[in-house]
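Next up, some structures in structure tokens.
Two complexes come next, and they have one chain in common, chain A, joined by chain B in the first and chain C in the second.
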Partner chain A sequence: MRLREVVVAVSVALMVLLLAYVVSAGGLGPLAPRELRELARSYLANAYNPWNVTQSSLSLEAVTAIVWDYRGIDTFFETSVLFASIVGVSLIFRGYRERPGIGGRGLSEIVKTSTRVLLPLILVAGVSIALHGHLTPGGGFQGGSFIAVLLVLATVVFSLDFLVERGLASGRLLALRSAGLLGVLATSVALLAVGLALGIDAYIFQNMVREGSELSMPQWLLDRPTGGTLLFFNVFEALAVAAGLALAFLVLSLREEEVGEAMAAGEWHE
Partner chain B sequence: MGRLLGYLTVFAMTYAFYVVFTGATSVFSLVLGALASAVVSVVVKPLVVSGEPRVSDIARLAYLAVYYLYYMVVAEVRAHVAIARTVFGRRMDISPAIVEVPYHVKTSYGMTLVAGSITNTPGTVVVQVDPERRRFYVHWLYAKAFEPDRAREEISAEFERFAQRIFG
Partner chain C sequence: MSDPTTFLFAVVVLSLVANTGISLYGVFTRPSLVKKFISLTIFSDTLNSFAIAIGFRRVVGPYPSAAVLSSVPEDPDELLAFAGSAVDPLPQALVLTAIVIGLAVYMFLAGLIMLYHRHYRTTRMV
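Showing the complex of A and B:
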């Protein structure tokens, strides 16, 4: 028995050691280069570069600058794909509607009370992650997911009625989701609209002053840079993601009384 | 006035958490955080606070501070030492059992404080609560008594004495 344990321990240690050797020798694929590539260097140099604003998004967070500015159109379509999948979910569950007042026991009074105290803290943490997206790691998607977790937690702890009674039924969530996406859209064409109105050249997804366009989003708010469009993108994205993810979870947690009629109708058609 | 104080209480809790969570020092973070906390506390206040704050609540806060110190310094350490002795010792002198523990606090916050204190102390875990009969079902690693009142004396009487004064 003792010998067996020793053999197992030694062979596990040996496996880890050999695996580490293989990985560090490049046996499982090429290793990342030690020095930064040209592209990475230019992003790092330009993400926050007040001396050369035409190349910069004035964001202290290079990842957010890349995600929402340098490749903003990409991210816009990503957000649209998430939106399409939420539309798909609500299409599959069409005809089902939340009915308040069914009641649900939820979890015990202990969990309910602790959750009640936690709700404002989780909510403000999610909002702060979205607001600081251009300053620290995080952003709209992460903050929105935080807030969605809060809604999921409330559904599990208090029952679905909790959300429905507070006006967060699926219709309202879809409206919030659309409002968030429209906000993202509006932010991406804001400078273009201003440019058209004033007769100045401008681009879609324009953030700061660019070559051939004098227009710029606000660069500073109080004592920190805003990253121009980034702050707006993060806030609207947080709204869209929170409402979207919560909606997907909500329709999955519909109760038998709510899906019963629509199920019966479906069986008729078959 | 009283209602406003209720909102301010929730705001203070939320904003204090925000400042610690973000480690904010910039005016940007502090101002936006205050705005966000204000919105959050307006939305959430009815869930968190019932009734109106009174001047006598300061005494309750003081009890809470004393309780926190007592719990962290005395109760927790005592329980941790007992568990550590079992984990590292050679003798398994445990007698695990689930016992009934009645409680007498009236508010849900008081009940949650007692239940949380029991669970957070190593060796005892609240596994179920029966609000109608006002009883916890507690898994107890060193069950010394099975009669509900004697078990309460051993497990939660001290916690409840404070919870009664803090939350009623």
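Showing the complex of A and C:
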């Protein structure tokens, strides 16, 4: 056992030394260069470029433009992986149901009162981050995580019954989660459906006017750019992430009485 | 040691590399599954910070700007100036994807560890 630990320590130290050598010898390219790579320059110059709309997503924020437009399919499958993991967590805790009225009075009155003040503020901050994902740093995932923190905080401070009484039990959260994913899917094929209906060429994940397709998502909402699909993607992703993370937390924070039921639930074929 | 910025940036990068090794050591040698889990999250956070550090750049002024336009540009020259002063947005977008997928994996792992603890009343491996 001692030998094993020594071997692990020596090999990890060796890895660190070699990695440090590779980095200092410039194996990862120049660190902190003066000039950006050509790909990065193209993304930065085209994220909001009304003079070259066919390559632009008309989003002021380059990161959201990359995440939901230039690499949209990648992000769609990423959010599907999150969905699959939530399905997996629900599967290994199958048979679990919230039972209201088990008890659990939550934390003290002081904490409850201050949390009551805090909850609407967190909600507004999360929704604002999600809605402004194409204008300021942030986006659907970040805003959704904010809202999930709100639900987790409510669970910890007021006990699980607080959410269950307001209709946010695990079944409802899974439905909200699926609705968010379906919304992302619908947004990605929206222009394709319009194109098929009108007999015009269009693409999956099309945002603005592209080469060979005249269709375009709305570019302006009142006096602000919408980034086309980005606004819808951010809203649906925020809904999906908030419901999904809250669901995972609920399932992981089940109480002893409910655990007993979940463990007693047998397989279907038994 | 040409200038303080280079020196400090090298310190940051090398401490990230060292952090990689320390967190991997935790994953390999700690007997408790919970501590392995914590080490694994530190490992992935280190690699994410490292990826973002690769996207950093230097500009003529004191700081590069974030990859966000602060107002709707009026003419193409503004875009060129923006591309000449903002950091690389691509590593940030990739790290966002990596964080989400990491979160998915960690949620599943946490569920498995809870099941393990419920069956064996301990999280110690070995």
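Basically, the second predicted complex is superposed on the first by the 232 of 270 C-alpha atoms of A that agree within 3 Å, B and C clash if a C-alpha of one lies under 4 Å from a C-alpha of the other, contacts with A are read in each partner's own complex, and residues count from 1 in each chain.
One rule holds in what follows: contacts are C-beta pairs under 8 Å (C-beta built on N, C-alpha and C of every residue); 3 or more make two chains touch, one makes a residue touch a chain.
What you are looking at is a predicted structure, and each value in this text was computed from that prediction instead of being measured.
Peer 1: Contacts for A:H132 in the overlay, against chain B (first) and chain C (second): which applies, first, second, both or neither?
Peer 2: first
Peer 1: Check whether A:L182 is in contact with chain B, with chain C, with both or with neither, and answer first, second, both or neither.
Peer 2: In the superposition, A:L182 touches no partner, neither chain B nor chain C.
Peer 1: Tell me the contact category for A:A193 with respect to chain B and chain C: first, second, both or neither.
Peer 2: A:A193 contacts neither chain B nor chain C.
Peer 1: Scan A:I86 for contacts with chain B and chain C and give back first, second, both or neither.
Peer 2: The answer is second: A:I86 touches chain C but not chain B.
Peer 1: Give one of first, second, both or neither to describe whether A:L28 is in contact with chain B, with chain C, with both, or with none.
Peer 2: second
Peer 1: Considering only the touch criterion stated at the top, classify A:I73 as touching first (chain B), second (chain C), both, or neither.
Peer 2: A:I73: touches no partner chain.
Peer 1: Which partner does A:L123 reach: the first (chain B), the second (chain C), both, or neither?
Peer 2: It touches chain B, and chain C stays clear.
Peer 1: Any idea whether chain B or chain C touches more of chain A?
Peer 2: C
Peer 1: Regarding the shared-chain residue A:S114, is it in contact with chain B (first), chain C (second), both, or neither?
Peer 2: Touch status of A:S114: first partner only.
Peer 1: Chain C touches which residues of chain A in the complex?
Peer 2: Residues 5, 8-9, 12-13, 15-16, 19-20, 23-24, 28-29, 31-37, 39-41, 43-45, 47-49, 51, 60-63, 66-67, 71, 74-75, 78-79, 81-82, 84-86, 88-89, 92-93, 136-137, 139, 141, 225, 245, 248, 251-252, 259, 263.
Peer 1: Per the contact definition, I'd like the list of chain C residues that touch chain A in the complex.
Peer 2: 5-6, 9-10, 13-14, 17-18, 20-22, 24-25, 28-29, 53-59, 66-70, 72-73, 76, 79-80, 82-83, 86, 88-90, 92-93, 96-97, 99-101, 103-105, 107-108, 110-112, 114-115, 118
Peer 1: So in the complex, which bits of chain A are touching chain B?
Peer 2: Residue positions touching the partner: 108-110, 112-114, 116-117, 119-121, 123-125, 127-128, 131-132, 221-224.
Peer 1: With touch defined as at the start, can you tell me which chain B residues reach chain A in the complex?
Peer 2: Residues 10, 13-15, 17-18, 21-22, 26-29, 31-33, 36-37, 40-41, 43-44, 47-48, 108-109, 111-112, 115-116, 126, 128-129, 131.
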